[in-house]
Structures are given as structure tokens and as C-alpha cells.
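Shared between the two complexes below is chain A, which has chain B as its partner in the first and chain C in the second.
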Partner chain A sequence: MALAMGLVPVAGADDHRARINYMIHCQGCHLPEAVGFAGKVPRMNGFAGYFLHSQEGREFLIRVPGVATSSLPDDQLTELMNWLLLTYSAEQLPEPFVPFSVAEVAALRPDLEADPEKTRMRILRQIARGLPSLAVELELISGG
Partner chain B sequence: MKWLDGMTESGTREIASKTSRRGFLGRLAAVLAGGAATIPLLPVARSQESSNPPPGEQGDPTSCEYWRYCAIDGFLCGCCGGSMNSCPPGTEMSPITWIGTCENPVDQKKYIISYNDCCGKSSCGNCLCQRNEGDRPLYRPQVSNDINWCLGTSSNSYHCSTAIVVGTALDE
Partner chain C sequence: MKKLMLVALICASAVFAEIQPEPTGIIETLPETWPAHWIIAHDAAFFHMSDGKLIVLDADSDDVTGRFKGFMNASFIGMFVQARTRPEIYLAETFRSRGSRGERTDVLTIYDKRTLGPVGEVVLPPKRSSNMPTDYNLQLVDDEKLALIYNFTPAQSVSVVDVVAREFLAEIPIPGCALTYPMGGRAFSSVCGDGSLLTVVLGDDGQQASSSRTEPFFDVDDDPMMEKAAMHGGIAYFPTFHGNIYPVDLNGTVPVVGEPWSMIGDEEGGWRPGGLQLAASDSSGHLYFLMHAQGREGSHKDPGVEVWVFDGEAESRVSRIELSLPAISIAVTRDDNPLLIATNINMEIDVYDATSGNHLRTLGDFGQETPLILRAAH
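What follows is the complex of A and B.
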């Protein structure tokens, strides 16, 4: 999928390590294949990429508690986030996709998001205004 | 086309004379029952054993010393009418779970273990096992085994815990 869309893997990243880190640090709640659990755990599969359509959304992905407070070091967290976006949500990514850098992740992590649920919806509604496919997902407009 | 009818008829009669319907049903039932152990039939049975299970295991799955239980905190389902991979009858496996890694003494490799709780009945009470290796305080909920992981199930009553191998971890 990533190649079909003209996306290139992130240089120096270890996909295998990212997958294992996903299983150990994320999968318990976000479930295998990042499908989430309706009403309890956000779905990332086919969705997380939408956040990158705004700078605030991009930053939000690193500032949410599950990511920001993870025990992973900055480099492995960066690798995991880029892998996750390309593996599970390549179709939702903006073009061109600019992968997270380690410096960017390191700078955003300490700025923990205090009200993830509210902020999440505010950011998504904002992005949906210019992105009909997200508006349909959020049921803001009918899918027809 | 008469030759085709004749061939089909003689073939069918030959099969019918050598087999019984009961035998067929018995084999079909065996396939279905055996398949149920490996093919997840319900959406909640997401945490099945991985397609690459550990090469070998030793020890008693009803003992707290068993290798998979290194990060467990709860009652062992193997002592509660279920097994290390399955919930006792009348309980439901929580899809949302706590995950850790344990070293298999047979091959000294680390495996990723999913400690899915079985929910829907009061505490089992048998084989309490608290090894807690890698457990972190409640303020790190995703790596804490002290919270009730009966999330996403119809009941949040905790009954017992399983220890399912979901993958191989990296050697570090």
C-alpha cells in the first residue's frame, strides 16, 4: 500500500522492531491490527493518518498520554509512530507524508495533552471541514 | 450424456456402499470441534495463540512457577475450569488486555504474552499467582496489572487470567 501510494519507508527504521514494540506497548488496548474497541479505545487502523492533515493534529498524535508517557525511548517511539501510520493508515495520510523526526517527537512528548477526548474531537472536526472522507467517518455528513 | 449419468451413479453407489452417513457426520464434527481451537469463531476470541507457538514448553500450567506467568497477577484459569489459553465456561474473554514478555526456559527466548482476563463471574479464588515482573504502578495503566482488565466485556466481574503467547519479542 505504501509503495502504491508513492510513499517510501523511513530511512534507518526497523519495521520488525516497530511491530514488536506495537505488540508490547499498544496492542493490549488498541488490539491486533490497531482496530480499536468502539466506545473505549480509538481505532487507528484506517484512521490515524487523518491527524496529519493539520499541524495541531500531527502534534496531538505524539502528545496523547498513551504515546507521550510510553516507556519507549524517543528513537523507537518515532520509528513506531511512522511504522504505524504507514502500515495501518497510509490511505488517510496527506501527500507528501512527512515522517516524524526523533527531534520532533522528543520536543512534543513532555507537552502532555491534558484533555485528549475533547481535544481529539475539536481537531478532527477542524480537519473534516476540508476533508470530506473524514467528515463521512465522523458522520458529520452523509456518506451517500 | 448417458455415459456421464451412468458413471456418476456407479460412483455414488460405490461410495454409499462403503461409507455411512453417521461416519461422515462424526468426522465432520471432529473437524469442526478441532477447528474451533485454532480458528477464532467469535470476535472476542482475538487473542489466539500465534501461528508460531514456542518450539517447546516445560512445566505445569496450573503452577504459578510456569514460565508464561512471569508478569501475571490473578487466579490461573487452568485451576478454574479453563486453561492457560481459554476461559472457563460461563465467562467471557476480555479483548482489551495487559501484555508482557516472559523468557521460555526451553529456548531462552523472550515471548510476548497476552494476559487476557476472563470475566462475567466472581473471583475464581483458586491458584492465586502474583509474580508481577515488569509490572508498573497504576499511574502507568498500560503496564500495570493491578487494574481490572475486564474492559470491553459485558460484565466487569473478574474471574481468572489466561497467558496467551502472541509473538516472539526481540532479544535485548
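What follows is the complex of A and C.
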């Protein structure tokens, strides 16, 4: 699917391991297919890619506690995040999609986001100013 | 025939004369301070969680009816804490408008220890965590002025309630961290998923004044630290899956993590701590842990067959108590002749002399189903 979207899979990545890691480390709250739980757990399916439309949003995806404090080593966490974006939110990614590098993830993880809910909405509103599809999504979210 | 009738009448009136009508409508009260050997059994009603109970019992009593002192309701796995400076018990509860469904309301209910009746409540954000009951879902800080309630939606936060003014003050985010361990002054710590502790210091308005984070100090993969600490003198003794103890001094507003020590030493048999409420302490500083042999990956909630008693300061074992039945939860009374109480696998409460280890009695038949958590009353 990633190829059909014109996106290049990340070299050396193990999609199967990423999927298993998603099931072990993320799925408990974000649910199968990353659909989330309205009002409680953010939906990543068809959504997470929006964050990469700003540098702060890109960093937020790694600094958010569920990601930053996961027990995965940097390389597997990087693999998982790239897999997740390409698998569940390829349509929302900016062109070109620059995958996370291990060095980038390793550098961002220690800088834990202290107030994720507020920061998340601030970043998304900022991105939505230049991205009508996200603006529509956010209205849907606040309306529902 | 007439004679017989007369005899019958005389007999009947003799029977009535012997009946002394029992006085009814008497409502008794309990003392403000409860005797040291009274206990509270939290029957969380595991198979129908909307109607749990906190049952007050006299663990010294061999009289089946006399040992039952009363109970309070505790809805949807309530979490409770006893005040020491006021005759009050605080209980975080959840209600649904149609019982098992409908709009959710969370409240902190304030119970009077003398009447076991609710005397007030504070409405909370409907977010509190309804996990299996622990000692650290609800705690008091700031000389018992503030109650802290752990939330999980699964975003994690702590609700702050002024229990003197009986008002909700604030919600503090604790991203990636869990539960609430009371600290000196107006502060608390939470255990984080990366093996560190997050500490939040509150202002007098209950809002976050500052926060800090320790370095990760335990290994969440190789030897995870349990959240069930034995507390003494402001020091939380956290056991790990493999039976090491991390002493964490919570007396200040920054936790001080001490060097870990082993409960197991060179003891053979694969002993490990395990159970639901597996750690307790007495007033002399002895620490009690539920232990099972042949421990393995996944056995950290197995019932314990022994309780190992340690001197926390000397970091050495004082005694081993063989349980008459395996147990899932323990508590110890806070007096000079402490009782060890244990919820056994038949969901009864075994009472032991904590010093000698002798089994004294079994408390059953008090209307209990799943008394998952025990506390010594005070």
C-alpha cells in the first residue's frame, strides 16, 4: 500500500516486528487498526500523519509519553513509528515523507512532553491553519 | 374437657409471660477511634462490581455475630483512605445513572466513622481509575487537607480535592506515570513506565507548583518494580518481581532512591513476592511480603504460601510465617501486639499473631464474597 501511495518503505525495517510491537505496546489503548476511543484515546488511523506537517508536530509524536517512555529500544521505536504512519495514515503525510531516523528519535525521547493534551491541540490548530482537511477533521472532533 | 381447656390457657399465658419483646429501632454508633484490632475488609464484589462494600470487623472476636461492626457501600471498585486526624473515611466511587449503564458520575464520598453513614461528597471529573483496588489510588497529603485521586482514561492524571472545604481544586496531568504516593508537605510521586518517579509539588490552591523527575532507576523489562510498596516512616519499600527492594524516601518533596537490597539472598526454591496486596508494615518498622516458591515469568500475582518479615532498616529477614492457606492480600495492625490478617484463597480472612506467626482464627461468613483488600483500622 505504501508503494501504491508512491511512498518508499524504510530501508532495513521489519514490518512484521513493527506490527507485533504495535500490538504489544500500543494496541491496549489505541485499539486494533489504531482507531482510538472517541473522547479518550486519540485516533491515529487516518490522522497521525497530520502531525508531520510541522516540525513541532513531528517532534511531538516522539515526545508524547506513550511513545517516549515506551520500553522499546530506539531502533525498534523508530521502525514502529515509521510503520505506523505508513500503514495507518499514509494519506495524511506530507510529500515527501521523511521517515524518522534512529538518531532523531533517540534525541527527542528524553525531552518528555509534560502536558500532552493541551500541546496536542495547540499544534493541531496551528497545522490546520494551512491544511483545510485537518481543519475539517478538528471541527468533526470538537463537534463529536 | 373444661379442665383440659383451663390447663391449656394457663400454659399459654405462661409462655407469653416468658417472652420479653426485643427493643427495636436502636441505632448504635461506633467509637471515633477504632480499637487497634478492628479491620476494614474491602469486598470489591469482583463479579458484580457496582456494589462493593467496606466491611468493619473485630479481628479479635471469635463470636461470629459480634465481630461484624457494620459496612459502607463502595460503588464500582471504590478506593478508600482513612483519615487519622478526623473521624472520616474518604471513598472515591463511580455511579451510573441507570445503575449498570447511563451517565457516569464520580464522587469522593465522605463517611463518618461513628455512624458509617455518608456525610458529604465532592463531585470529581469522571475519570478515576477503577483498577483492582490498591493503597495508592487515593491518598491524603498536606496534613490530611488534600485528597489525591488517580485518574486513567487511559491518559493519566491526579484529581486534587480539599477534603476540609469539601471542594474539587485541580487536575494534575502525570503523563506516562501512575498512582499517587504521598510525600512530605504538599507533594506526591507517581511511578512511570520508564522506571523513573515523577514528583509534583502543589501550591496551596491545589494547582501544580512544580514538578521533577528522577532518573530511571529500575529495569522495567528485566526486574520490574511493583507498585505495591510497604510504607514505614515515610519510606516506601517497593519490591521487584525478583524479590529486590528499592527503598524510596518520600519524606521531602524530592524522592530519594536508596540502594536496592535482596529479600531472597541465597535462599533456594525460587522464592518471589506475589499477590494482590502483597506488602504491609507494622508500627515497629517490620515489613511483610507475601511470598511464593518456584516463581516464574507471570507468577507475580500468584497467592503467597508464606509471609516473610524484614527489618527495613537493617535490610535483613526477621521471620518467616507459614500460612495455613495461601493468601492473595495481607495487612498488619498498627499496635504493639500486631495481628497479621490475610485474605486466603477461599476468600476468608485468616488472622495470625504477627510476632509468633501462630494462626489464631479464620473470619468467614460475614457476608463477604471477594474481600480483595484489607486495612488495619485506626
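The rule we apply is simple: the second predicted complex is superposed on the first by the 138 of 144 C-alpha atoms of A that agree within 3 Å, B and C clash if a C-alpha of one lies under 4 Å from a C-alpha of the other, contacts with A are read in each partner's own complex, and residues count from 1 in each chain.
Definition applied: a contact is a pair of C-beta atoms (placed from the backbone, for glycine too) under 8 Å apart; a residue touches a chain by one contact, two chains touch by 3 or more.
Not measured: the values here are computed from a predicted model.
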So if we stack both complexes on chain A, do chain B and chain C clash, or do they fit?
clash
Can A:P116 be said to touch chain B (first), chain C (second), both, or neither?
second
For A:G130, select first, second, both or neither according to whether it touches chain B, chain C, the two together, or no partner.
neither
After superposition on the shared chain, which partner residues are touched by A:P32: those of chain B (first), chain C (second), both, or neither?
first
Tell me which partner A:I24 touches in the superposition: chain B (first), chain C (second), both or neither.
first
Check whether A:K40 is in contact with chain B, with chain C, with both or with neither, and answer first, second, both or neither.
both
Which partner does A:A68 reach: the first (chain B), the second (chain C), both, or neither?
second
What part of chain A is shared between its chain B contacts and its chain C contacts?
28-29, 40-41, 66, 69-71
Which of the residues in chain B end up touching chain A in this complex?
46-47, 95-101, 112, 114, 136, 140, 142-143, 151-152, 166-170
Provide the residue numbers of chain C that touch chain A in the complex, in ascending order.
153-155, 173, 175-177, 192-194, 211, 213, 220-221
Contact set on chain A toward chain B in their complex
16-17, 20, 23-25, 27-29, 31-32, 37, 40-41, 66, 69-71
The answer for chain A against chain C in the complex is residues 28-29, 40-41, 64-66, 68-71, 112-117
